[in-house]
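Next come the structures, one after another.
In the two complexes below, chain A is the common chain; its partner is chain B in one and chain C in the other.
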Partner chain A sequence: MPGFLKEFLNRNGTGMGLAILGLVLFWTIVLIILPQVSMLDFSFRPNLPPPEIGGPKDIYTAENYKYLIFGPEGGSQDYNAVDLRVFFRTLVAAICVTIFNLILCYPIAYYLGQTKGNHIRIFALMLIIPYWINEILRAFALRIIFGETGVLNNFFVGLGVFDTPFDFIRNDIALYAGLGYAYILLMIFPIYNVIESLDRNQIEAARDMGASWIKIHRRVVIPYAKPGISSGCTMVFMLSAGALAAPQILGGPSSLWFTQLIYQQFNDNSDWPQGAAYAVVLLVTCILLVLAIMRLFKVNMGDIGK
Partner chain B sequence: MKNLSFLRLSVWFYLAIFFAYLLGPLIIMSATAFNSPDFPRITPWECLTFEWFSALFQDERILNGIKNSVIIGFGTVVLSVAMGLAGALLLTQIWPKLRATYYTIIIAPILIPGVVLGISTLVFWDRINRMLGLGADSFLSNGLFLTIIGQSTFIASYCMLVLVARLQRYDVALTEAALDLGATHAQAFRKVLLPFMRPALASAAVLAFLASFENYNTTTFTFGEYPTLTIELAQKVRYGITPAISALAFIIVVLTVFAALANEAKIKRQQLVLAARQNASIEELKQGIKLPGFLSGNAAAVALVLVSIATVVVVVTATTHSPAQCIADVKEQKRIEAEKLIQELRAKRDANRAKEDNKEDVQQAPKSENNSGFGNVFDPNALSTDN
Partner chain C sequence: MSAGVGVDLESLWIRFGDFVAVRDANVHINGGDFFSFLGPSGCGKTTILRAVSGFLEPSEGNVLIGGRNMKGIGPNKRPTALIFQNLALFPLMKVWENIAFSMEINGASAAERRKRADELLDMIALPGQGDKLPSELSGGQRQRVAIARALCAEPDVLLLDEPLSALDLKLRQHMRTELREIQKRVGITFIYITHDQGEALTMSDNIAVMREGIIDQIGDGKAIYNDPATAFAASFVGENNVFRGKIKRISGDEALVATNRSGDLVARISTANQGKMKEGDDAMMFIRPEAFAIASKGAKGDHFVTAKVNHEEFEGNSFNIFMEGGGGKELKVTIPNLGQSFKDHTGQSLTLEYEIKNSVVVPAGELAAE
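Right, the complex of A and B next:
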């Protein structure tokens, strides 16, 4: 491709062209690709003290991945039940959070996208403000509400619904509410953007032809909004599967999120290769799951992020 | 008609629930900053206090965290806006066959979990550091450097998306005209393209700073010896929460509302001015048209003024209000309640004991001398009587 390169430099000038290329190469190769490759490579190595790295013991091994499935060597169980359970629980919970968010946000996005008027701007503002608040503080706010002496418990005990305070945190209700809360905007905006461009006449036409309210959505709005819906779902799923702050603050003491296991491997056990292997497993599984679902609903990768 | 109004009512009901879920936690959290108990709560409301704000400003770690966050934020803004602009420029020019691959690569960091980005950055630069034979305290393993690099990886993608949206409306003929008139490429870039991109660059920079400021997942692996505000907050929240955090949250909420309203008021004002110019007759234009006042027809501006007044009132109250009397009252009340409780318990215990004594009197009267479970082995006279 030297021809392309020459043309590019001609069009932008040598200095500018090289600056652009340099920045893009630095970003794509040094910041995006090489670190991922390096993490993958690292995950196949044993955990060695620094002096021995690069020495004869530094060979490729699948030990770290085996550990996730089979547990420590000579362990009492056939499978690493604890970590695997956390892994699947994380995935299932992330899917549930995504579906919950979709159901919650679709009507709002539809309403905002199809209604004209000044109050829509105010609603948009009210949507954006919570998103500017720190993730930790949002989780903290929910903890105040869901805590044992929190607002909800005081309210329900006061009403006489519960006899004793209900432990929302131990039952993970706080966690799911927190994850849903954290990523609401990422679900609403892509759907809103698509629905806003939907011609109102299409809906009117369907209504004139006698389509019911449900049918209009199923046959007209949802097919049209599919790129937005899939983009929102992908973002929410990836972010909640990879969330760390909300599980740390809102999670019950006995229930872990997979990212917390990774965090423990890095910070508490100082077993970096093990942590890297877990991170690779999380990344690959999430990507495969998203791709599979996108194939299922016939959506293109290019639609994401629009 | 009745059906329609029912639908409308349910829409409003749904909106109300939705926004209660969205804003309620923030409002409640802000309110807890003004209540005096050590644990953040709004019920029972004890005393209006501002001591949590002074506790916040005396917290060295929070202040240090803010400093680190600002340094990292500026570094990230510079790096990610530059990379985002370069990425956007290349995207509009790249060879069509490569376009999809290139787009996937530069959009991928948004979808990669932040934890993974943090780990890969840490592992990669650690290895580079070792390959270059540098020590553990070198520049490459510095927390500030690693955090800026790690955050920029995905924040540059956000910037790229913002910038490319504006760039698509750019007329390349403008640059060509500048070049034909003898400008160098760098001049054409600086004097033609950059001014056109300025609004998008500004919003990309704001977005980058906010994203950097609130990032946790990536930073938690890379921060080293430079904990940011978010890291400090997370550690505080995990190991015991106090209303001082609510006070910080309140400040951030107010600042955010201010910024959002100011931005909204500015946009609305520009629209109004534009409309006034368009509607004005030529005569009026000659004489200089009367532009609408800052507050007229601008709900956001009115709200901005109201929020400012409220803030001033709160600050003035904070300097004059002293909760000491109220706190003392509450303490006294608590003491009285506790005493009452103790007395009740004591009374209950006495009553129980009296009852039991009665029973024992009836049942165990014959062997009342030996009613201890240990059969009087601890009785100082027990040994002597055996002898």
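Right, the complex of A and C next:
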């Protein structure tokens, strides 16, 4: 038995230690690893009617992946332009949502982290409480606000800013607002946690030496908050790229999110292997993208956990 | 480096809501002085420092630096540099980047900054340590880096907020000498905040003793120690024996005090209070432990104190005798160890003698907390 395991069991007692260990293993293996492995397995199989599963036609194939790139065999186009466009658009949009969220949340997190007093707790509560409401309900609420006869349009048309109602939904503004709002807490709290531990004297020291506010943030606060920023950005990016409810409810008719394609494959087309392949591609691409960006900004994996 | 820029506080009041942190402070600090604000925690000394550095706008009154009114000028525009109690070095920057941060703000090139940082590292006796991170240095080294960082900005006035309080005793004593030397070398005004009277006495040209937002006394170390203006100053700076009583008679600058427990004693009225005290006033008389000498048994007079010895201590360089009396607490007497034979007096009655010039009378007032 390795030393750390022995120590763990000694500290928690053998019974409790084994129970904790068992639950953790169950969680990671049964609930995370196995489903992903079976998804991977699915993605390499043809879509067969139930009687043929396990039969001679049930062999491993890269068909499903080829489909994403080249489209149906014998199709009119060289590439599966529709799906690929949705794929890249989703990634770019998720990056934009992440950047937008960061710009929005950094000042809030900084304010929360560096201000003392009870009103901060109330402020934090005001951020948290809306998240007691189900994600789908929140998306519908936004739809009502952004709709053609919604609150915003009534307001602006009433003021005379717009002559006719502006279609926030067709122009994807509702979608980005919804995605931005959906994960705001996941951006604010990691940054807030780090900035809260930043010694106020460091900011004052920098100011005392003549630094402007921009310089203080660039040289003192942001380097310090980097683990929180990367942790928040990773989560927001991953979740926006994988979001389904917001695009489904707030997306315009012409703007598909890649997750919606996956959903269609699973649900409407009953083509699980195809859906699994799309899901794997999305997951792997997102992970690679995050790793590449972490490398670019010199963030360690360990920092993310902070 | 510009030398000798003075600082003036004119009728300075600082309030936080109803709380008055600084009450009508009027201080003139000579250019090139090492000036200390000395007082217990919460007395308002850090508040004054923040007002000088510009982090806090005074409620009333002015801060003048080199004769220039600082009203409305932010901390980043004042010719001051502040050294924080916890130093506030930037943990993610290398030592040299820390030191040259103020130059970075002004857009100096990396080569220039590095050169200047290395010069300052030589000055603070840390050559070649520029590439380390602050966390890789010892407490005393970090202390010196903070000083170098502040000096790099070439301030006219360096403000120090209890910078030695985090260090252990030995290092603290060593840094006192070092700080004083650095101050003499660069020749700029140092304003030093401390609750440690030893630090204030050893380093300062002048000291302001503060209590609850009020400046009780300003003077050099000797004046504050030998000629305190208030009961607080007398009891806060150094050890002191207090005798409470009423003034019975005044002749010139001497007063005869009818003490509550030790009979009539004569003492010198402190300079700040001469001409201001009259017969019948409540007064406090202070005599330092080292100002006493053991007198022949049974000697009587207005500069002899007789009391019962509770216990004695041998401290190496001195003997301490603790006696009943004083202002409710024990009377402490320190006799230097000069190799004389010293027999234990515990339980006996002992008569002590003091010279009138070594005693002082001030109006009755609040004493410093133990």
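Remarks
Throughout what follows, the second predicted complex is superposed on the first by the 285 of 306 C-alpha atoms of A that agree within 3 Å, B and C clash if a C-alpha of one lies under 4 Å from a C-alpha of the other, contacts with A are read in each partner's own complex, and residues count from 1 in each chain.
One rule holds in what follows: contacts are C-beta pairs under 8 Å (C-beta built on N, C-alpha and C of every residue); 3 or more make two chains touch, one makes a residue touch a chain.
Every value quoted in this text rests on a predicted model; they were computed, and no experiment measured them.
After superposition on chain A, the partners chain B and chain C are accommodated together without colliding. More residues of chain A are touched by B (comparison of chain B with chain C). Touch criterion met: A:E135 reaches chain B, while chain C stays clear of it.
Using the contact criterion defined above for the overlaid structures, shared-chain residue A:R207 touches chain C, although it does not reach chain B.
For the combined arrangement built by superposing the two complexes, chain A sits at the apex of an angle of 90 degrees to chain B and chain C, based on C-alpha centres and given in steps of 10.
Residue contacts after overlaying the shared chain place A:K6 against neither chain B nor chain C.
When the shared chain is aligned, chain C comes close enough to touch A:P223, but chain B does not.
In the superposed model, A:T259 makes contact with chain B only, not with chain C. Contacts of A:R85 after superposition: neither chain B nor chain C is touched. When the two complexes are laid on top of each other via chain A, the two nearest Cα atoms from chain B and chain C are 5 angstrom apart. Across the complex, chain C meets chain A through its residues 53-55, 74-77, 80-82, 84-86, 88, 90-93, 101-102, 104-106, 149, 153.
Interface residues of chain B, counted against chain A in their complex, comprise 11, 14-15, 18-19, 21-26, 28-29, 32, 39-43, 82-83, 86-87, 89-90, 93, 95, 100, 102-117, 119-121, 123-125, 127, 130, 149, 152-153, 156-157, 161, 184-186, 189, 210, 213-214, 216-217, 220-221, 229-230, 233-234, 237-238, 241, 245-246, 248-249, 252-253, 256-257, 259-261, 264, 299.
In the complex of the two chains, the chain A residues touching chain B come out as 1, 4, 8, 11-17, 19-24, 26-28, 31-36, 38-39, 42, 50, 53-54, 104, 107-108, 111, 118, 121-123, 125-130, 132-145, 147, 149-151, 154, 181, 184, 234-235, 238-239, 241-245, 248-249, 259, 262-263, 266, 272, 275-276, 279, 282-283, 286-287, 290, 301-302, 304-305.
Only residues 199, 201-202, 204-212, 215, 219-220, 223-224 of chain A touch chain C when the two sit together in their complex.
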